[in-house]
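Labels A, B and C are assigned to the chains in the order they are written; within every chain, residues are numbered from 1.
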Amino acid sequence: MNRRGLQAVLVIGLAVLIALPVFAGKYDLDLAAKIMIMAIFAMSLDLLVGIAGMVSLGHAAFFGVGAYALYLLSPEYGAANLIVSLPVAVAAAAVAALIIGLLVLRVSGVYFIMVTLAFGEMFYYYATGARWLGGSDGAYIYQRPQIALVDLGKGHAFYFLVLIALAASYMFLHILAHSPFGHALRGIRGNEHRMRSLGFATARYKLIAFVIAGALAGLAGYFDAAQFGVVNPELFGWRLSGAVLMMVILGGMGRVHGAILGAAVLVLLENFLGDLTTHWLLPMGLFIIAAVLLLPRGLADPAAIWRTIRERRVG
Amino acid sequence: MSDPAIFFLIQVLNAVQYGLLLFLVASGLTLIFGIMGIINLAHGSFYMLGAYLAFVCADATGSFWLALVIAVPLAFGFGLLLETLLFRFLYARDHLYQVLLTYGLILVFEEGRGLLVGNDVHGVPVPALLNFSIPLTATLSYPAYRLALSAICLVVAGLLYLLIQKTRLGMAIRAGSFNREMVQSLGIDIGMVYRVVFAIGVTLAAFAGMLAAPTTSVFPGMGNQVLIVCFVTVVIGGIGSIKGAFLGAMLIGLVDTFGAVYAPQISGMLVYMLMAAVLIWRPAGLFGRAAAR
Amino acid sequence: MAEPILRATGLAKMFGGLAAVRDVSLALWPNQVHAVIGPNGAGKTTLINLLSGDLAPSAGTVIFEGEDIAGQALDRIARRGIARAYQRTNIFAEFSAFENCRLAAQARRQQAIRLFRPARAYRAINEAAERALALAGLEACAAMRADALSHGEQRQLELAMALATQPTLLLLDEPLAGMGPEEAVRIASLIARLAESHAILLVEHDMDAVFNVAATVTVMVDGTVLASGSPAAIRANVAVQAAYLGEAAA
């Protein structure tokens, strides 16, 4: 899809999202908000995986940090301060990403996949055992955050805040991807050794990317906690890390808009399957297996899909 | 011997037993990665499936040993089937795709198990033959089954050693990876090698699950639990190295067991702290394995 | 001619018990080509690796512009102004030739970059990339994917990338290998021209090209220096003839 076409689609999509509250009911709006939150999450991972080539299987850890941060900043039966809690949650996720990043970036390739998974599980494990975090049952947030006239618990305020965050995140990542920093990340993905031999301090670049991705994941986690009013250790776990990775690859890696598409597909699929059966993870697993076998370049590249199907029939 | 010394001995025996079981699982993982270059997230699921299979067979036949005799070949056959139907499409693919496909596989295995056998926790009775404890002092004794378990694992480790050091297949394994020409020049069909190696890897994990079932009971989360520790083992020992898997597993066995006794509050985090320490001081793993592909 | 731009003293590299490089010393002067020749396995590539930072020496010092850089990290040494062209082509296969050079040009200007202007807007970087491509003779291929280039063109791209970082010292590892005769002549004359403004260490097999451009020739055999001197002196050196040139001539 060429540039003009893509811009047109994005603008139309944005318009649809803005107009949605007019003709959609609460259920659909909640679903749309959930998709948008997952889209932010998926885009953040796309920065790591699609652009920098770092396959992290523990990205949910930072999503969870953002979510639990809101819980910790929310008074027991009141609403958290939006202006304070949102930046603090994002900062907390960024700090967590900094610490974890300093450790995991000392390895790469398969080892990186394994250690990110392990550290993600460390968060999960710690949260299940920590009473101050609610333990394995998790905890509730009884009111959505608010500040002055903006109460996320009323009207469509939450929906529009998430929409603004999505648009802002998209633009931020888009600009980043096309900046020299983004180009350097792509270079690292292509041939890290050559990048170093040219004089790039690749470790620094990777750490910065890791922290930015973690911060954005924390933002998504914050909204997730605000939307559902509940946090539990699963938010740190490998299931979510795997799911968001799936979203990135479904959408085609390295194209920031692709992650939005991937998030939409997976959330809608989960919703649809969940309505069919309580054992929806089984068809979801089968779908993922089939998708990996058939879609090497993700949904955002239809030509490649067609080519793959043709090749498999012939070969 | 005095009581504290015996107590210490018991902990060492426990550590060794846990380490040996872990080694079985980790060696399967490292074999599959070392030969075929596949990272398999569903490897923990094989452990879980082995345990549930042992439970079902033992329940049906009333004999743990009979259950093993049935379950091990089943596991091997399952491994052959999986390779033929699914895993051989992963050989040339990026690790990312391997991760995702095996992630989907975990979901299928977990839900599938839930549908077929349910999500309950089950105990598997220790076989009557070994259902006694060896007294060590007036108050302390050690379960015979655990000793037998360690012994069986050692035998398997020994067999693995023989396989790797003394057979042509083992030569291919030691050559460290998919050097197809070399393997084919040994007169071995590469496709068959991959299929058999994969099935061995699956069987190792499943067998470990079967053996562990009487001591840990059979529960849904056991697969993922062992997978994480297995990954940490491999990070410490270096992937692709059986020797590294052995030493890494032993180290974790010791750290975990003694940690639970002397520092129970943080014992669960000790494994992660160990991994963090290795990352900080020896990122190439304790045995300086070359960077993973 | 005051100080050499780089002086290596007593360099050694051990792999286990094997000495790939033993007691190698040399000096590189500005605006000169210093050629290193020798049979396969002589340790030439290991030597370049030690100078570029791809490998850390087991012993010895490397004084570059007054500071000992031995054992420093690869990227740090590169930032000091040492550029390396690899023997086995080490480019970004999926990027175009131009993008390859642009990345290289960007490497030198990392401090001046702000995060949010699109890369296209950085004229200085783009111009440096274009200049490097032109110098290496690749203007026609600028938009082509690097892995679609011919082998000879990829070697030229290797060189162009090294140039785009605007280095003080160029380490060239067999830049002429695998090139056709016309290309080889062009690249050889390019190297001669570059020597007017760079210090160059040139590892090569092509004897004639080396003798024409080099001010100093060092012959390595079995990891150590057999002889070092002007091209004429080396040609006349009996030991060198026996060990190396003799085999080739026979």
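Simple rule for what comes next: a contact is a pair of C-beta atoms (placed from the backbone, for glycine too) under 8 Å apart; a residue touches a chain by one contact, two chains touch by 3 or more.
In this text the structure is predicted, and so the values were computed from the model without any measurement.
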Please find which chain has its CA centre nearest to the centre of all protein CA atoms in view. A
Of all the other chains, whose mean CA position lies farthest from chain C? B
When centres are defined as mean Cα positions, the distance from chain A to chain C in whole Å is 44
From the mean C-alpha coordinate of chain A to that of chain B, what's the distance rounded to whole Å? 32
Averaging C-alpha coordinates per chain, one finds the centres of chain B and chain C separated by a number of Å equal to 49
The answer for chain A against chain B in the complex is residues 49, 55, 57, 103-104, 106-111, 113-115, 117-119, 121-122, 125-126, 129, 238, 242, 245-246, 249, 279, 281-282, 284-289, 292-293, 296
Enumerate the contact residues on chain C facing chain A in the complex. 52-54, 73-76, 78-79, 83-84, 86, 90-95, 99, 102-104, 106-108, 110, 113, 115-120, 122, 125, 161, 165
Going by the contact rule set out above, which residues of chain A touch chain C in the complex? 175-176, 178-184, 186-187, 190-191, 193-202
Contact footprint of chain A on chain B as seen in their complex: 33, 39, 41, 86, 89, 95-97, 99-101, 103-108, 110-112, 114-115, 224, 228, 231-232, 234-235, 239, 268-269, 272, 275-276, 279-280, 283, 291-293
